[in-house]
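The chains carry the letters A, B and C, assigned in the order they are written, with residues numbered from 1 in each.
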C-alpha cells in the first residue's frame, strides 16, 4: 500500500504510535496499521533502536515492542513514581520465568516436566502480572504456549532476552541437551 | 538454648534430587544417582506429607532411583527398554532443570538492576461510546465464563503422566529383580571391598534383611563373618558363579 | 548537587521524566527535580531537541516543556485511537465489565485475579469509553476502584447492579471461588 514510505518514515511512525498509544504493540499489528511489510517493520525497528540515545528505550520481547525509560534514568524515575512496583517474585515464579526465557516458548506441561512440579498456579500469577502471556500453540490447538512480555523485560531491566545473563550460552546448552536426548531415543514422548 | 532446625523447602522431587547431587559435587549420571538414592528415600520418608499433587512424581522418581541402585548392586540385572528410557529421561530432566535453576538464580541478580519504567500516554477525556455487544445477556454470559474459567480444580490432585506407584510396589519390583538375579553373594550385592561407603552396605543389608524376612530369598552364611549367599526360592537352577 | 552530570545526561533525564510522567513540566521544576541549574536545563533542552528521531516532538512554550507526537503522525494516531475506542470491546472487555458489575467495585489487581490475566489495557479502553470509571479506593490511597458508570447502567436498562440477571447467585459464586483459591495460595506460600 505505502510504496513510497522510507524506512526512516516508518521508524518515526512506529515511535509516534508507541508513544501515543502508550502500550506494547505487536510487530504484526504495527505492519498492519502502517501498511508495510513485516520486513519493513524489522528494518525500521533496527534503525529506531540505534537512534535512541537518550531517556527513552525500545523494549522488544520478540513479538511485541514497547517504549520504556532508559536504564540510566531508572533511579530518578523510581524516586518520582507514586505507585510502588513490586519486584518480588518467589522461587517457583523465577524458575518458571527462567524456563520460559531461556527455553521458551513452552506449554504448561513442558514447564511442569522441566520443574518436576505442577506450575498451574505459578503461571496464572505470572500471567496476571503480565510477566508472561498465553499464545495459541501452532502445534496443538488445545494447548497454549507461554512467552515473555515487554513487561518482564522491563522488570529485569533489559531491552531484549539477549541481554539476559549467559543467554546465548544457556540456550545453546539446553538445545544441545535436547538434541542429544532425542538422538539417543527416537520414541521420546512429546514431553519436551 | 533452643535449637532451631531449618528444614529446607524443596520445590519438588527433581529439586530435592539435584540438591543431593550438587551437595556432593557430583555430575549428573547413573553413578551419582545410585549414590544419592538412599538419602533421597530417607528425605522423602521424613517428609510429614508430600505436597498435594506431587506425590506421584516423588514416588515415580524414587522408583527410577531404586532401579538405578539395584542395577549398580546387581550386575546381572538387565533393564527393559522402558526402564532404560526412564533412567535416560531422569538424567535428561535433571540436566535441564539444573540449567534452568541456575538461570533462575541469575534472574534474582537481574531483578536488582534498575527496571525500565512505562511512559504515561496522554489520554483523551472519556467519552461515552456504547458497544452493541454489551447486553444483559452477554454480560451474564461473561460472568458465567469467569466462573467456569476459575481454577476451581486446583485443590484436587492433578492426573499424573506416570502411573502412581506406591512404595510397596517399588519394593515388590526390587524383589522381582533379586529373584531373577538368581543367586548371588551379599558381597556382590552390597559391593563390599569396592570402596563402597559403610552406610551404603548397611542400607543394602537392611534391604536384604527385609527381603529375607519376607521369605523372598534365602540367605545362608557358611561361617561367622563369612560371605552370605543369597538364593531365590522361586528359581531352582542356579546359574550364577 | 549533581556537579558531574553532563549535559547529555541531563538531556536524557529530561526525556525520561517527561515520558514517564506524561505531563507538561516547567523548566524550574525540571531544574529542581534534576538538581541542576536553569542554564543546564536550557542547554540540555537544546541538545534534546536536536536529537529527536522523528515520531516525538518537544513542545516548549517558554516556561513549560512537554513531549508530543510529531505533527506528521498525528492524523494516523487520531485515526487509530478512534478505531481502538470504537470497535467491539471483545471477550476481554465483556469479562472485565462483568467482573466490575457482578463483583465490583474492584481494583485492577482484583480484576486481574478474577480473570487470571492482566487487564490494564482492557480497563483503559473501558474507561475511555465511559463504560467504567476510576474512583479513589478508601482502603488504599495508591490504588483505584473501578465501578460501572451511570451511562453503562442506562445502556443496560437497570437502576442498580442487583437487577442484573442472577446477580446475587453469581456474586456469591465468585466470592466463594476466590476465597477457595486464596486459601490454597496460603497453604502454598511459594506459589510465586
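Quick note on the criterion: contacts are C-beta pairs under 8 Å (C-beta built on N, C-alpha and C of every residue); 3 or more make two chains touch, one makes a residue touch a chain.
Being a predicted model, the structure only gives us computed values, none of them experimental.
The innermost chain, defined by the distance from its C-alpha mean to the mean of all protein C-alpha atoms, is A. Distance from the centre of chain C peaks at B, each centre being the average of the chain's Cα atoms.
Separating the CA-averaged centres of chain A and chain B is a span of 32 Å.
Averaged C-alpha coordinates give centres for chain B and chain C that are 46 Å from one another. Computed centre separation for the pair chain A/chain C is 21 angstrom, with centres defined by C-alpha atoms.
Counting partner chains per residue, chain A has residues 19-23, 56, 67, 69-70, 73, 77, 81, 89, 91-92, 121, 124 touching two or more of them.
Shared contact sites, meaning residues of chain B that touch two or more other chains, fall at 11, 51, 117-122, 151, 154. The touching residues of chain A, when paired with chain B in their complex, are 19-23, 56-57, 59, 66-71, 73-75, 77-78, 81, 85, 87, 89, 91-92, 94-95, 97-99, 101-103, 113-118, 120-121, 124, 153-159, 164-166, 170, 173-174, 177-178, 181, 184-185, 187-188, 191-192.
On chain B, the positions that touch chain C within their shared complex are 9, 11, 51, 117-124, 126-147, 149-152, 154-155. By the touch criterion stated above, chain B contacts chain A in their complex at residues 11-15, 51, 53-54, 57, 61, 85, 88-89, 92-93, 95-97, 99-104, 106-111, 113-122, 151, 154, 158, 161.
Looking at the complex, you find that chain A touches chain C at residues 8-9, 11-23, 33-34, 48, 51-56, 67, 69-70, 72-73, 76-77, 80-84, 89-93, 121-122, 124-130, 133-134, 151.
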